[in-house]
């Protein structure tokens, strides 16, 4: 059975290879092939899943050793896989949502002549992502880690002719690289500490190492997570990443890749458990990002950017939960899954809207679309209810559990975190309501695009709506399904460990409070965008709004400090290299030339001068010899 | 009489000759100064021969004279040909090649 | 026949009747090389006197080549007879030393001279004028440049075939110079090969003013230096009461028997010894072309007819270094601690001076002149080593260097324009495009000069530096290395010029030489590469020849 | 006396060079094919060497030894250890691609009618083969003097390749470019010659203390204690050797010749410089510096690591600042050489194996990137990044290969450079954590300069000048595809390489009496 694991990755990898090397002759069948292989991978996943359910206890974890990758003395990196409940969860999410989005893309990318290549990239992403979650050692994980980075780079920049897209892709890759630095250093630390970096041995012996080491490793892993999961301070790339085609945003930048950070932290739980300080930092990062993303989400008029902010914030929730340790791991993953459903759904909905609006992304130019694209409206609406945590829907359960866990952290920290998560919930309700209202309600504010085409909104084709509907189902029922009878807890506990944290206040109170802030947030949004008409051109807005529109100024910070500073640095270095380092070299040569020029003047052509030099030379010779004898 | 004086004289002559080579312009004169130096050498040889009581020095003096004569032949030939082509026997005029 | 010989004659005569004069015994067989060459030279004069003008050229060429070849054969025979190693001894009643270095150097000189004579005899480079082939020597040396007389001479197709006997005389002198075993012979040999060279310098067919100027400078300075040398000899004679190397060495070491009071008196006076030694050293360093006695070199090398320049640069250096070695190793080893520091200084300034000044030269012949100065410095580094390895390394270097030099100058004769040889560097631009072969050959020589591995230059340099380092002159090696780095710069500059710069439309033409020059160049290339890749045999030869006879 | 395989491997390309040079001027194509055939035959011989070599066996294998210049204590001694084999194979592998890539680079231009004797094409390919011969032999030499001779001699053909054959971009009597080029060539030669001469002094010094040049004899003498070099002397000698190798490598601040040389020469020649010839420098550090002067090597390690770090960061930053894509790649190489040297002097098995792998992988990846860049340049006739834009749209395959080359340069996992770079980092980190961490900055900067290069040239709106640009021809694909395949294969399955290299590295480590640092805790199985 474990031999199937490799096939999970092999299927999409094959697809990528064929589609990218295949050439134009595959243009007509390419998208079908890609989708097929993604589906195949999903099927294999389901088979493995059912098989896993068949077994129990430790027997559920499968291992597959393919071959030795980098063997150098004590440094032994293998290509080997580990399939346990945690990775299983991800496999299903990735292949499932992935397949849906493949199907969606068939319709969405119909008019793009490079559709084959697009599907190639998508398959490549699936392969890399599966490698990431299936690896049984950190170096192989790193392989997948950078692999998804590459795929995301290719897909964000898919429309390369748009300079903005190319820049966004480059930015995403670079910021991720900073995170990767952390991961690679973490691996090195593990190697020097444990002499290995395979999950089993490392996580098994975290107790024996000093806490300092563990903290260091933890922080490095966190850095990596921040890069991939767009957490403060490395979040800046996610907004720009929306330059990519919408399916990409849905799959990579909402459902799967961006949650890799959460996976990493949960997977490395043992390390963090042994390093409380690191855990604290994780929690803080989560909390900050939670609010940051939410605030940004409130100010954006670009529907995808607004959703991106929301993604950031939701992942903040997950990171925060993961930072809570055994109390939170399970809930982090649970929220991750539910979020995978509804956020993917929301993005696909947004894509469907854009599809109908000549790729217009500015919500101020939408309005009243519910009549024109009912399916999209309904699915999007369900997703909306799910994410704000409307009772009974997925988000309600997963988020609520996280809030409880936050309070359960205990002490002042508990209170602070709890209130932050509550506040986050309120803001979430606000900005999602805002999106909803601006897009589907109010009067129509459409305008002709730069080519003068008046948009005439229409429902998207089946290939697009069906995935949306399926995802909508997921966003409605998944949460309840997981939460009832703590199914999800029992499922993951063997891997991540779990102990129930006792909150200082009862669960009911928490739920109640959540409901209250939720209503407040939604109401405020209705007051601002539902009751009175939305201006087509954005008002100047308050200082905070303006800051939020520019990602709370941190892009400007990047630009001034990193970009400009870097340019100055390199330019001055080029100068230094040319004038100083090279100057010394050329200078030496030149100085010899000059010396030569002066010396040759002695050769003035007068025989008598030559005689003088001979005479002088002789004199010196004699004097020197006599002196030698004298001393 | 102490033969050392002859040595002093010899070195004096030699120095005069050398100085002449350094300061005089006319090629012939310069050449004569060289001859003077050679003769200074001869004087030294003879003196030493006298001191040591063997005749090598004197014989060498003869050889030197012969050599000097040969030099005169070659030297004058060259100098004269230069003079004919430049109408000047000044050493400093012969400075086409320099640097 | 040396002074001591004469002296013994004299005393015996004084003692008794004239009938008691013993005939001095001269080992003619062992002096054969010198005698052959000298005799051929005399014969050459007679040829000039009696043969019709048309026949002279071929007769002279034939005579000189045969003579030199025969002399070389004699040298080989002597070496085979073990005179270089086991049977080495003093010949001609103390005047000449027959030993390894002598034979090796004589052999080298002879070979180099043969090659040089080839270049002397080249008559294909210039287009024929008035139906006469013309070589690189003046039609009539006596005729005033540019005068009617000269034109007539050219029209009549005169050529100065005297160059061959002159060259032969010079060679004879050079053969004796490194073999000389007393100071008088040294001096005579010096004059014997200097005087013909002075004349040869003056005989250029083109640019005669420069040629004559070169002759004047060379002559005056040469005479000046030989005067110094002679005075030095006088002082040494005064110090030791004899001019024979062996005797002087004894006196210097203080191992001499039955000291007469005068000798005791003069022996006590080190000033005589030191000053004399210094003066002689100076005379030799002048011939070697070491800084600060080098200043004649560029001018003379530039002005002299190129074949002569090549001949001087190769053969003269060999002879002079031979004499220098013998002087330092046989006569003044007792003074090692006096002359070494001074020599150190000379070596350093010579290596650096030559290399640095060469950087900014614009005339190929002057450039090579300065490079020869730098090389003199490298060789001196080996001389300083004062070990058997030192001697053999110097011998090897001399052998390697002389062929490269002649070859290089031979190539210079090929590159010509209206005014004769185009020696200005700017004219050499793009030569690699015009005639890749010639350029490539010259590049090989330049690389050898620069001491790039797989050329004889590298083997020689390595041998010398190794000897120096072994002899405790590591610092010199470092300086030498720096100097060669500087030197590399200008050799490479020429290569760049030849290969990487566009040829000038008014650039020079490359003459197609006759077999003679071709042979000269060919031999140069072959020796350069062979000594570079497989030098072992010749190193053995040199190290066998490493021992001086005392 | 068995068949002298190693000599043959080096002799074959030399013969090829002579044969190629002898081809008459008119038969240009024949010369090209001849050169290609010879290079392929050499590749076969190299493969034979790899096969004959037993990883577990003696340190130096397939050895040959003949007397050469006994006066200098020089023997003609050949032998390969794992490191030598790897680099030998790399060289033999790259040359056919170099030749193929430079197929038209040396065709005489229309405007300069060549005369009968001027045969640039023949010369070009002959010189390439000559370089190959010398480089291969230098990887095989186990006699210091023999190595030194080749180390120096290979400069000459290289020098003519750089100075004699410029980019089509600038060819055609462009006086300025010509002067630029000869400046670059002279700089290359002089810089390396100076290094070599300083090494010469050290070589002589070594002889005066050791009395022999044969590695085996020296090792023997060390072992039985008959040879012990005084500390001071050893340090000086080490410095003499290291200087030469650091110039060749090149290590900051001795690097300035590389950008000029690579910038002015044609892409294949640039590959020859950075992927083949420069490797001799790093190889020699591993082979000679550590083996001959272990103590001095340890003594110098801190300083060298600092220089290596500077090279890494400095090179990368300058690469970011370049306008000329070849110079950009050159500075990238400087950064990579920093990694290699760092790995060598980390003195851990990971570091040194990584460094060796790095030499191989860097050779392949730079070849891929540089050759594609060359194709680009020959199409547009300009080296300036600013002159391109949107190429991806008109020539997707070219762009794709370019991107893969770039990704290899920024050592993305899955491509072979990642393996070596990570090994170097780990190896360094395990002994010098701080150094390792600072070096990781290089990873980010590498991404920066590669992606900036790609973005500026390949993406964005299509520039008018590139609109008509054709995609890769078959010949060009034949050049690039195998390289990329190799990058992928060695990235996923580098084991064959590590198996050959590891034992050799163990020998080197035992030379310097170093063992890998132990992990703090013994991890539970």
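Each chain gets a letter, A, B, C and D, in the order it is written, and its residues are counted from 1.
Just so it is clear, a residue touches a chain if its C-beta (ideal position, glycine included) is under 8 Å from a C-beta of that chain, and two chains touch if they have at least 3 such contacts.
Bear in mind that the values here come from a model prediction, so they are computed numbers and not experimental data.
When every chain is reduced to the mean of its C-alpha atoms, the one closest to the centre of the whole protein set is D. The chain with its CA mean position farthest from that of chain A is B. Inter-chain centre distance (chain C to chain D, centres taken as mean C-alpha positions): 46 Å.
The geometric centre of chain A is 81 Å away from that of chain C, both derived from CA atoms.
Mean C-alpha position of chain B lies 24 Å from that of chain C. One simple way to say how far apart two chains are is to compare their mean CA positions; for chain A and chain B this gives 97 Å. Residue positions of chain D with contacts to 2 or more other chains are 190.
Residues of chain B in contact with two or more other chains: 18, 21, 30, 91, 94-98.
Touching two or more other chains at once are residues 216-217, 220, 224, 228, 298-299, 489 of chain C. Across the assembly, chains come into contact as A-B, A-C, A-D, B-C, C-D. Across the complex, chain B is touched by residues 3-4, 6-7, 10, 141-142, 144-145, 184, 187-188, 191, 195, 198-199, 202, 208-210, 212-217, 219-220, 223-224, 227-228, 230-231, 233-235, 237-238, 241-243, 260, 262-263, 266, 298-299, 302-303, 366 of chain C. The touching residues of chain C, when paired with chain D in their complex, are 433-437, 447, 450, 452-454, 458-459, 462-463, 465-466, 469-470, 474, 477-478, 481-482, 484-485, 488-489, 492-493, 496, 499-502, 534-536, 539-540, 543. Chain D contributes residues 187, 190-191, 252-253, 255-256, 314, 317-318, 320-322, 349-350, 353-354, 390, 392-393, 400, 407, 412-414, 418-419, 422-423, 425-426, 429-430, 433, 436-437, 440-441, 443-444, 447-448, 451-452, 455, 458-462, 492-495, 498-499, 502, 506, 516-525 to its touches with chain A in the complex. On the chain B side of its complex with chain A, the touching residues are 18, 21-23, 25, 30, 91-92, 94-99. Taken in their complex, chain D has these residues touching chain C: 67-72, 115, 117-119, 148-150, 152-153, 155-156, 159-160, 163-164, 173, 175, 178, 181-182, 185-186, 189-190, 193-194, 197-198, 200-201, 204-205, 207-208.
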